[in-house]
Every structure is written in C-alpha cells, then in structure tokens.
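One structure below.
Letters A, B, C and D mark the chains as written, and numbering starts fresh at 1 in each.
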Amino acid sequence: MSSSLPSLIVLLPFFGAGVMGFVYLFVPAGRNLRRFYVAVGIGTPLLAALLGLIVVGEMLTLPASASIASPLYSWIAIGSFEIDVAFVVDRLSAVMLLVVTLVGSLIHIYAVGYMWDDQGFGKFFAYFNFFLGAMLLLVLANNPILLFIGWELVGLASYLLIGFYHHDTANITAANKAFLLNRVGDFGFVSGLGLLFALQKQSGFDFAAIFAGLGGIDTAMLSLIGLLLFVGAMGKSAQIPLYVWLPDAMAGPTPVSALIHAATMVTAGVYMVARFAPLYNRIPDVGLFIAGIGAASALLAALFASWQNDIKKILAYSTMSQLGYMLIAVGLGEYSNGIFHLAAHAFFKALLFMGAGAVIIALHHEQDIFKMGGLGSRLPAVRRTMLVATLAITGIPIFAGFFSKDAILSYAFASGHTTIWAIGVVVAFLTAYYMFRLYFVVFVAPNHRSSRSRQSPSLTSLPRSMVWPLFVLAAGSIFLGFWNLPEAYGGSTWFSHELHLADHEAHLRFAKEYILDGFNVLVALLGIAIAYRKFVRPSHPLNAPIHRIAWQRALANTLYIDTLYDRLIVRPLRGISNWQDRLIDPKIIDGSLRGLVTLYRGVATQSARLQNGNLRWYALTFLLGVSGISLYLLIAIGGAS
Amino acid sequence: MTVNPDAYFAVATLLFSLGILGVISRRNLLVMYLSIELMLNAVNLILATFSRLHPDEGGTMIALFMIGVIAAEAALFLAVIVQIYRKKHTLDSDAFTELAQGKKL
Amino acid sequence: MSVVLTWIVFLPMLFAGILGLFRVRHTVLRAGAMLSALLVLALTLLTVVQFDPQAEGMQFVRHLPWIFQYGITYYLGLDSLSLVILLVIALLMPLLYLYMWDNPTSGYWYNMLLLQTGVTGAVLALDMVLFYLFYETMLLPIFIMIGRYGHDWNHAHAMKILLFTVLGSMAMLFAILYLGYAHYNFYGNWSFAWHDLARLPLDPQTATWLAAGFLLAFAIKIPLLGFHTWMAAAYASAPTPALVILSAIMAKLGIYGLWRFGYGIFAKVLHLYEPILLALSLVGMLYYAIHAITQNDLRRMFAYSSGSHLSLIALGVVLANLYAWSGSLYLIATHALASAGIFLMIGLIHQRTDTVQIDALGGIASVAPRFAFFFTFFALSIAGVPGTGGFVAELLIIIGAFSVHPWLGAATATTMLAAMLFVFWMLQRTLFGAPAPSVATFADLSRRETVMLTPLVLLLLITGIAPSLFTPIFTPQVQEMLLQFIHAAGGAS
Amino acid sequence: MMSTLAPFLPTTLVIIGAFVLLLISTVRSIHLKSYLYITVVFLLLAFAVALPQFGTRSGVYVLPKVFGHTYLADDFATLFDLMFLGGGALTLLINAIYLRKRDYYNGEFFALFLFAIFGMMTLAHANDLVPAFISLELTSIAIYVLTGYHKNYRGSNEAMLKYLVLGSFAGAMFILGTAIFYGVAGTTVISELAAFIQIHGSEHLLALSTAGLFIMITILFKIGAVPFHSWLLDVYLGSPFPVTMFMASVLKVALFAIALRLYLILYVDTGLIGNQIISFLAILTLIGGSWLAISQSMLKRMLAGSSIVHGGYMLIALSSIGLGAHLAAPAIMFYLLSYFISSVGAFGILSYIAADSNRPLTYEDFKGMAHRRPYLSAMMAISMLSLSGFPSTIGFLGKFYIFMSAIESGQFALAGLGIFIAFVSVYYYFKLIAMMYFYPCEEETCEQHPFEIHVSTLLIGLMALITIWGGIGTSLIPWFPGADGIISIAKQAIGSLP
C-alpha cells in the first residue's frame, strides 16, 4: 500500500530547518525568537515521531513482507538511470524510523536545556532538524541513490554541528577531519553504487529491482561491490581504518554527540549492510570480512576507551566498539540481532552521553573524569540513570544490552566463528571495565585529586528539560530487551521475527546458551570488580602520577593513527602541490615556452642589428640576394634542360 | 666594318660588374654615383649593340630614353651630395648611419 | 522567429553602440546595460519556451549569405547543447551588472556589453568562420578588462592570456580554412557550415592534423593539463565580472567547441585518440585539485578548482556515453552557477578587505553570518554536496565512467575527494576561527548583494533537488548527438 | 575623338595639375592650405573622370599610331588609377595638420606629389617595359625628392641618399632585364613578349628568365621583399610622415599593379619564373619582416617592418597565382585595399600626434593615451587590430583571402607560416594597444584633449569605420561595396587583362 505520511515525515524536519535557518539569518535577533525556535525545533521532531508511530502502527497490521511506499516525484530519468524521490517503510526502516524520531525528539528536548544560553540557539536547531531530516531520508529511501544523498547530508550536518563552536579552530579541524574521512568512505560507497548500476541488466534502480537483478552479476564483481559499499560503512560507522574522526567529533555540543555520534548517524553503516542483506547473503566471505573488521574495531576501541580520561572520548570509543558488535552481527548475517543491538544501543548510549553532558554542564564544561568524582550524591538523578545505562551496556541480565549483545555472541559461537566470539567476550570484559571505571571515578570514588566539586560546591542546577529525558531513556534501556526475549528465556524473539530480515539460521541447545550467557556475565562482573578494585579501593592513591609504559602510552594516544595519516597522505599531497607550484608550472611548462619566445626574440634582435645603416652593406645584401636567386635559377634551369 | 658583338657584350658585362663592385666597395659617394652611372651606361651599350643586331632601331630609342633618365638621376645625385656635404662635410658613405637600428634620434 | 537569435546576439552590442554614441551618464549607462541584459534574458527564456527538445538538429536557424565567393554564411542556430550555455550566459549577465552596479568606470560596462555579444555569438554560430570570428573577438574585451581594470601583474597577464588563446585559435583557423578547401575539393562547392564539414571523408592523417589544430585551440581555452599556465595568472588578475565570465562561460566555450566541432567533425580521430584525452582530463582533474591545496590566493585556488571541474567536464565529454554527456552538459550549467557565485563572493571579500590572501582572512563567520552562509553554500556546491546541482552532474559522469570501465569509474569518482582537498581547509581559514584584523569591520551582505546571490543559490538547489525539471530539455538531443558520434566514429563507442 | 582620348583624361588632369602647381608655387603669397586644396581638387577631378570609365573597356590601345602598343587602357589600370587618386587625396588630407604645422612645405611638394601619382598611373597603364621603367623612375625620382624634403634634417637627407643610391642601383637591374628581353625577343611590349615566349621560349629559356628575374627583382626591391629590404626601415624612418605614409600605402599599390600585370601576362602562363622563387621570397619576407618589426621600439620603424611583412603576405598570394587559386589576384588587390586603409589610419594618427612634437614616437609615448585622447586611441586600436588581422576588421578578411588562396594552391606550409607570422604580429601590435589602454596617464598631461574636428581627424575616423565595415563584410548599403563586392570588382578588373 502507499501513503503520503512517510514523505511528510521526511519533509517536516527539512521544513523546520529551512524556516529556522531563514529566520536566524534574516530576522534581527531578539529574546522572543528563542521561543519560536523551541516551538519549531521541538515541534517538528515530535510531529515526525507521532506520524512515525502512526505509520508503524499501520504497518504492523500488514503482513510482514509488506511495505508502505510513498512516492514523491521522479528525481531524474536518463536512459535506464531512473531515480524517484520515493520513500518506503518496511519493517527494517520502521525500526530505524522509530529509533531516529523517538530518541531524536528526546535529545532535541534535552538540547533545549543544554543550549539555552548559547548565541547560536536558532542555528543549532536549524542544523539539528536538518540532520534529522537527512537521517530520515537515509533510512526511508527506497533506492540507494536517495540513501546515498541522505548518507552525504548527515555527514554534512555532522560537519556543521561538530564545527558548531567555530571560534575555536580545533573544532573546525575536527569537523573537517570528520567530513573528509566520511567522504573517503562515500567515495567507496558511490563507486560501489556506480559499479552496481553499470553491471545490472534490468532498468530501475530501487532496492526491489536491484535485489531482483542480483542474479545476473557474477560473484567476484558482487564481492567487489559489497566491499566498496562497506568502505562507506567504515567511514560512517567509524570502523578501522577510518575511525579516527569519531573521538575528535566530540568537539561538538554534547547533544550532537548523543544524537549523531552515538544513537543514529554512526549506525547508518549497520543499517546499510542490513538493507543490502540480499546482496551480502550472496557473498558470505565479504560478510566474514565485515565481521572481522567489526571485531577488530570493537577490540581496539575497547582498549582505547580503557586508557582515556576525557569522559566523552571514552563514550566515543565505546560507541565505536558497540558498532563493532553490530557489524559482527550483520557481517555474520544475523541482521535482526544487529538491528536489535542498534536500537538498544541507541537508547543507552544516548542516555550515557546525555548524562555525561549533564555532568559536564554541572561542572562548567569539565570533561576530564579524574577532575570529577563523588558527584553521585550531588546529581542523584544523573547517577541513577547513568548506572542503568552502564549496566545495560555492560550486559548485565534483564537490561537491554544483555539480550542484544549476548544474542550476537551466542550466534557467533553457534555459527562456528569461535575466534570472533572470543574477541567479543574480551571486548565484553573490557567494556565492563572501562564503563565502570568511568562510573566509579565520576560518581562513586571518594578520593580524587584536585576535585572541582570539593572547593567549588556550587554546581549549576540542571534545567528539567535536561533531566526527565534521561528517565525515559533509562526506562527504554531497561525494558527494551524483553521485546526480543530469546526462546531460551521463554521468549519468542518477537522483534527479530517481526523484523523479518533474511537472517541466517543457527541454533544452540538451551543448555549451551545458558553456559555462554553465564560466562559472559561472569566476565562482565570480573571487569566490574577490577574497576572497583582499581578506582574505589585503590592500592595506590589516584593522585599519584601515573607511570605509563610504551604500549599504554601508545594506547592513550590511540596508536598514533592520526600522525600516520598525516605522514602518509596529507604531507605528500601538500608536497606535490608545492612542487607543482614551484617547479612544474613556472619552470617546466612556462619555462620552456618562455625559452622559445626568448629564442625567437633573440634571433630577431640579432637580425635587426644587420640594419647597421651602412649604405655599402645594404648594397651588398642586395647583391647577395640577386646572386643567390640567379644561382638558384641557373641550377633550376640547368636541371630542367 | 663588323665586330663580333660578343666583344661589346664582354665590355658591357665588364663595365656593369665594375659598377656593382664600385657601389659595394667604394666609400666615396661621388664614386658610388659614378659606378651606378657605369652600370646604366653598360646597359646602354648592350642596348645599342642589340639594336645593331636587330633590324629595328628600338634599342637605340631605349638608350636615348635611358640617357634622359640618367640625366635626371644625375641632377638628383649631385643635388643631394652637395646638400649632404653642406651638412656633414664628408662624402664618406659609412658616415651616414644615423637611421641605423638602435640609434637614438 | 528565426531572427530572435540575431537579437540575442547583437542586442548588447547595439546598446553599447547607442549608449556610447551619446556618452551617457553612469546611471543611465548601468540602467541601459541592465535593460539589455534583461531583454536578452527574456528573449532567451522565450526561446527556451519555444524550444522543441524532441526535434532533431538546429532550431531558430538563421542562414544568410555572407562572403559568397567562399560560401561563408551568417549561420546561427540552436540545439540543446548551445541552449544550456546560452541560458547560463543570459542568467549570469544581470547578476554581474548587479555586482558592478556602483562601479562608475564606463569602460567596464561597455566591455561587458561587447563581451556578452562575443560569447553569445560564439555559442550560436554554426558557420566555422563566423564561429572563429566570435571566438576570437570575445577575447578583446577580456584582454582590455584584465589589462586595464585588473590587479597584480595585470599587464603581463593580459598579454599572456591573449597570446596563449590567439595561438590556439590561429591553429584552429588554419584547420578551418583547410576544411573549407577540402569541402570544395570533394563536393565542388564552398561551404564552411559545420555540418557540411562534418561529413567530409578526410583521410586519417589529414584529419589528425586538423583535429590537432582544433584541439589546441580548445585545450588552451578549457584549459586541459599542460595548456593551463595562463589560467591562474589570468584569474588572479582579472576583475571579478571578467573573472566570472572567464570561468563560468569562456572555459565552457572551450568545452563547447570540443564537443560540437571536435566531436562533430573529427569523430573518428578523437575516438582513436580517446586514451590520450582521457589521460589528459583525468590527470588534469587531480593535478589541478592538488595544485589548489597550497594556494594562498583565493582567486588562484578557485582558478585551479574550476580547472579541475572543467577537466571533469572534458572527461565526461570524452567518455562519450549518454550518462557522461548528460552529466557534462549538466555540470557545464551548474558549475557555471557555482563558480559565478564563489567568484562574486571572492570579489565581495576583496571589496571589503582589499585582500584575497587566505592567511590574511579568518573569522568572517562570526562577523557576517549571512555572508558565511552563502559562501559556505557555494563552496559546498563546488565540492558537489548532494542537494546542489553539481552532485547530480558528478554522479552522472561517474556512472557514465563506470559503464565504460570499473577502474575508469573509480578514478573518476576521486573527483568527490578532489574538491574536499582544499575547500574545507579554505573555509576553515577564511570563515572560521577568531576574526582576523582585516575582517574586523566586515559588513554583512547588503540587500543588493543578497538579491544578486539568491538566484544562484535557488537555481543550484533546484537543479540539485529536482533535476528532472531540466534533464528532459536536453536528454533527447544529447542521445541524438551521441548516436551521430557513434555512427561517425565507426560503430564503436 | 573625345571617346578615344577619354582614357587619357585622368592622367592628363594629374599632370596638368602638377604643372599648374609648379607654376604657381613661385608665387609666395599663396597659403599652403590652398596648394593642398588645389592638389586635392585635381586629384578628385581625375577620380571623378576615371570612375565612370571603370567596367567599360578591356585591352584598348590608346592612340596606337602615336604610342604603339605601349599605353593600354583597361579596367585593371582604371581600378588602380582610382586607388592612386583616392589614396593620394586621402594621404594629403589626412596629413593636412602635419603639413600645416611644418614650415618647409611649399608648392613644389604638391607638384612632386602629383608627378609621383602621374608616374604611378602611367605605370599601371604601361604595356611596354620601357614606359614602365620610365614611369617607375618618374615615380621614384619624385619620391626621392619627397623623402629628402625635410632639407635641414639630417635623417631626411640620409634617407634620400640611401633611397636614391640603392634605388637607382636596383633600377639598373630592371633596365638590364629589359635590354635582354629586347635582345632576345626584339620587342619590349609585354603582350608581344608573352606571345614570343609562348612560341620559342624554350631555346632562350635561360636568357629570358634571367631578364624576367632582373625586372622582378627591381619591383621586389621597391616592395621591400627580403633580402632586398635593407633600405626600407631607414628610409621610412628618415622621411617625413606624409611621405612615409605615401610610400607605405599608395606606392605599394602601384608596385603591385605592375607586378600583377607582369606576373599575370608574362610570367604565369609562360612559367618564366617558377612560383617557387616567389614563395621562397615570401617565406624570407615574412620571417625577416616579423623579426624586424618585433624588435623595434620606434613606432615608425615598427610599422616599416610590419609593412615588409604585409608585402610578404601579398607575395604569398602572388606566388599562388596560376596554381588553381581562383581568387589569388583579387585577394592581392583586396589586401592592398585593406592594408591601405588600416595603415593610412595608423600613419595618420602617428602624424597627427607627431605634428606637435619633433621627436620620433616610441611605444612609451603612447602610455595612457586612452585617457588623454580616447577617440584617437580607439581609432589607433582599430587600425592595429586590422593590421594584425584580428577578426571583424577588414585586415582579417584580407588575410583570409590570402590564406585561402595559398591553401587552394596547395601551399599549406606557406599558409601555415603566414598564420604563424600573423600570430607573432599580434604581439607587437597589441603591445601598442596595451600601452594606450593599460597605463594610467602621467599627472601633468592627464586632462582629456577634446576631439579636434578637422578634415584629417574625420578622415581617420572614416578609415576606422571602413575598417570595421569591411571586416563585417556585408553589403547592406547598395552603393557601398562590402568585402565580396570589392572582390568581385577586383575579379572584373583582372578579367579585363589580355
């Protein structure tokens, strides 16, 4: 069936963005404007969420394979390259739709409080709505080109929002880095699309047509396409080797980090792979590669996170490693679990960021966790919600993370990829460690060096709009898990069934599953214990200088990856450019031309010097001319006769 | 009496070449003028000879015209030589290079 | 109806003549110029309305004898290829006049009027000699504008662009004359009309030489890699209106010539030497982009950026399939709009701060948000961000490249990275960061300037959001041209 | 009777005018201006008489009993007569201001001027080598004197000296050639010579071609073809502006008149001089001329050098006559016209500006001209464009016809070289435009001179207009021929040759 609601959902935020942007640029600033911004900036996402719920409700009444199409107009039609601006809501995009709109709305509300005193309030909400629209465009697109447009626009939005505080050049640098690395990914993505289009036989380029025509393409090419598309996912979902932008992206305001760099945009890669499930099901080896990348990224990120002091960077790396989990899932072909983890993660990671943001605001933009501490008593609401989220991400039973993550791990084990499973477990352990390290140091640990909160007891009181979204999200993080309760616990994996994706099937006997889950929980508890031992009952006081050995320092500096990129790519390019500027253009090309000109001029001047004004010389040249020609004539005629 | 016309041609050629040589090698303007006259008169000689070889008198007529032209040139030559001598007190042709390339006027 | 093109071409010249005859005051002059530009725009839109995309061949044809001994004719005509460029010219001119509005130098205005006649004529002329006439004549106002009203080293740079371009067009002239002679040899009557020359059965060697003559002219005008050393110089010196014409229109005329005459007449040869052209344009695209990285002069930087885009357009033309050609044609228009916008804004920066050196600028965004928004928008549309027309065009060219060969496609797709290399760095250094002393008193966009830039923004958005509004205008005839080319090139594509 | 004498009328009018001027020039009281106008009146009268005669006859011997076959009246000659008369009048009028501002001009100047034109006209009419030589000498002698007319100026004297010596030196070649022709063929009438050579040219081939060559060499010398060009720069530089203009424009036309006649009647059909000699000389002339022109700082010298180059262009067309170029000879005549118009414009402006100052004009003197004299600068720019063969000027069409005929005759290399030289010439012509337009004017002379309404300036303007008009090349106005109209007139003239 078709409906115009999905298009409306996509267009609303864009509309809001346009209106607010226009007002911000062309209407002289005033106090009352802020209310207008709030109205539009919150209204559009909420409306979108409402409509989203309606659409999804509608859809649940339909058979699982059905989808709600919403064609708008024909974007371009040249030869067999016919792209429509058309949106489709099927089960997969429905999940994304809900996640994006609901979590997005909550973060918008949160942002009102967070950004209230900022000069660029209107600009912020314009950007924010713009992002929301772009994200919805991405998830609701019914053809890869439209998806790609959304894909690039969210990148643009994240560029604008990372660089939101543009007085500080460092932020802009971070923004540039983010966009550049995303563009590198997009380069791969668009190459994949182009190749796919060039190879496909049938006309029409929406997902249905593509998947129908996959049979006509040989597997080698398909693998290439799959890889190229995944390069895009690497960029967007901050996986090895394109992940370096994510930690820097924390330069943006915290709501941005929560919405874009935790809940929605970064998961686009996962969504894309799930969306292309029919493609990836044909090329399991590429899927394995994806899973491998995911596992590696998860491990690396967890290690980094364990050595960071900046609260937001810790969360950023944890996001990266959670994304690694999701990619393991989709790579191994259990898309629904990946998507489920995505949804769950959206909730608790958004919650974590917002809590962190609350802390940061409360401490007047202090981000080093070792300068915090003992906040538990002062910010009880934040503490509780943060604890919930931490438990969720750690994978403690009954919390959402437990079900989503363990589903992934047990499947990995079941499908026989034990190494990946092992890595997953190690990451689970590390996750527990660094998350509780964060939690303990910030909220619990009584002793802390140079605590701001001690000599400055005045904490900024948080506006209510910043607090109650935390509780909503906390509730989500707790109860979301039961939607997808596995059979082992008497559930029916309702979510996965409803999601109706082309999953690979691999089942474990319940006993095995209990053992695995128990093991995971133990590992998590171990991590918590170590964190507790280290930071709450420390053997040595935390304020003693930390001696780090080489690998620790390397980890703290994220393995000097940035420097590597700088040395390998940026500097050579600038070198070549200088070289062109100094050598090739002026010296070689222009130089040779100038040489020719100079030669001609030189000869000319020399020949002009023959005009020495001497009468006899002139007569002589005349005579020479005559004799020369006569000679030629003689020879010519001699030859003739 | 008949003389082989080739002798006349030989003399004419000699005169003409002498004239050319004079123009090129001599520096005194008067001598240059002289050499040019020499060339023209060599041509006259040739013409006269031809008109003897041919039945008609065209050649002689041409020679007469030529003498007229030569006279006109002579007038011009002498005039300019006098004028130049008044200006520069020399008849050395090499001295007149004011219009040469790169000279400032 | 067939006279409309004649009016479009000669109206500005006519106005220049009349206004110059009465030596009018500045206010009258600018009003007159604007009037002429708007009239031309109206006429152009009229032709667009009456234009029939489905029809084959030229429309609005005007064909009169000119020099009958050699069958040279006054031959104007229009197809979708010329229509696009014509439309761009007609759209840009009023905006340029808006930019120059307060400029009292009358020479400026007269030159612009004559320049419009020159470029328009070159787009519409279908007789080779007539084309050569316009192609060469339009150089004169540019020469005067750069040399007389330009900045830094303008005299030398004016001479440079003049000599480079004249060298090229002289080579083309020789080829043109020879073609006419060849036509006389084959068919016994004289003609310089391009479609007559197109069906000449030339022997390969001659054809190669003649094609080289044409290519030299167009390669210099575009400029392709190796023929480009005049570009940065001229761009750096040219006053803003001339600069816009240079990058938005004149360079496109090089492409147009390559397309219409190169591929129209020498299909076989160009098909034979396709690899060389591919290499030239592909390498050029990256070469210019990399060159732009270290430029400190905004004009030079975007000179190289537009060089890079023009190489991309040329690449699309060389690829010679439906997507690539449509993309190139689309990029001709959209890049014209984008580069016009960016160069106009650079001109505004120059007016406000007396410098276009990046390291002397910075922090404009915090002083002039509106300016920053427009500037960022144009920069992004240069970088081909979705939602702007540039993205559509680049996507089409990339797809076209992929349908030729995967690696070619991948190489072409690097254009997405090419612009990234410098655009964002440039934005960072000019707009963001702490305000530099030079921009301390940086005025935000005035109403006139906003009016001047808004059409460009809107057009870029529309072309990006709903290309289907425009593509039907040219797609059928592009397909037609493509078929002709493939047929002429001997079946292969 | 009148009708038989009609062809004489223009020539006679001119010579009468010459004598009249000689007579009245002894009278001191007459103002220079009246001399000038008398001369112009005579010229225009002759022009008016000659104009209707065009297109009436071809190859009519006038008074054969008196002159034999020496004096031929045909459209070819008439057309050239018109050029001489009109050109002479233009030259004088455009230089009126210059002449007025100099003290050393008097009646004889104009008498000599008319004598020179008379010589040219008879030269155009001559069907016999001897009259041709005599009219050539007549013209030359008159111009020798004109060259040295600035008596108290050393340069002028020197110029006259050089021109005189070398000119008569070269003239000897002409008469030598004539003598040999006479000796071999027994006649000096061009058409009869042609007939003779047709029959038994082969046995005396060497002698005949030597003779033809010598005659040609003299003409080439006067045209200033490399390597016979050495006198040209110095003489142009040394002689007064009007005379330089006269030499550069009208005299060249006259020389090409005789060259064309000789070439078309005598050389082409008989193959006496292979065209490769001419094309070789054309190459030399183009290259050498451009070398000379490009390395000058004085404008007069530059224009002299460039006039060598333009001679080279016409040699291209000359060499491609008879090789299947169907418009070669008309191309030369059109080029003569276009070059005449443009160079008259350029020299006219030079002399107009030089009228006030005595120093020779260099590029530097034109810095910022456009600010001081916008109109003159515009006209100068137009003539520069036309000289460099820039499109939409008459110069471009002239070059176009030349190159076309070169290509038609299969001399592609020659055409290529010509185009390349045209490219080089762009440099030294546009340098002047750059000087005029690109530089701010010096402070003290910054005020704008008013446009002096005067016959010379108006005529210069007219020249500029014609330059553009001819370049656009349409024939919108019925009685004013466009480019193709001129070409067809020239074709008719050529067709009238025997």
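Some points to look at:
Definition applied: a residue touches a chain if its C-beta (ideal position, glycine included) is under 8 Å from a C-beta of that chain, and two chains touch if they have at least 3 such contacts.
Quick caveat: nothing in here was measured; it's all calculated off a predicted structure.
Contact tally for A-D versus A-C: the pair with more C-beta pairs in contact is A-C.
The most central chain, judged by the distance from its Cα centroid to the centroid of all protein Cα atoms shown, is C.
The mean-CA centres of chain A and chain D are about 79 angstrom from one another, to the nearest whole unit.
Here the spacing of chain B and chain C, counted between their Cα centres, is 66 Å. Each chain gets one centre point, the mean of its Cα atoms, and the points for chain A and chain C are 37 Å apart. Averaged Cα coordinates give chain C a centre that lies 44 Å from the centre of chain D. Contact with two or more other chains is made by residues 608, 610-611, 613, 615, 619 of chain A.
Among all residues of chain B, those that touch two or more other chains are 23, 32, 93, 96, 98-101.
Residues of chain C in contact with two or more other chains: none.
Pairwise chain contacts in this structure: A-B, A-C, A-D, B-D, C-D.
The touching residues of chain C, when paired with chain A in their complex, are 226, 228-229, 232, 287, 290-295, 322-323, 326, 363, 365-366, 369-370, 373, 380, 385-387, 391-392, 395-396, 398-399, 401-403, 406, 409-410, 413-414, 416-417, 420-421, 424-425, 427-428, 431-434, 466-468, 471, 475, 479. Residue ranges of chain B in contact with chain A, taken from their complex: 20, 23-27, 32, 93-94, 96-103. Residues of chain A touching chain C in their complex: 21, 24-26, 73-79, 81, 123, 145, 148-149, 152-153, 156, 159, 163, 166-169, 172-173, 175-176, 179-180, 183-184, 186-187, 190-191, 194-195, 197-198, 224, 573-574, 576-578, 580-581, 585-586, 589-590, 593.
Listing the residues of chain D that touch chain A in their complex gives 158, 161-162, 165-166, 169-170, 173, 205-206, 209-210, 213-214, 217, 221, 226-228, 230-231, 233-234, 273-274, 277, 280-281, 288, 290-292, 294-296, 424.
Within the complex formed with chain D, the residues of chain B that make contact are 16, 19, 23, 29, 32-33, 36, 39-40, 43, 46-47, 49-51, 53-54, 56, 58-59, 61-62, 65-66, 69, 72-73, 76-77, 80, 83-84, 87-88, 93, 96, 98-101, 105.
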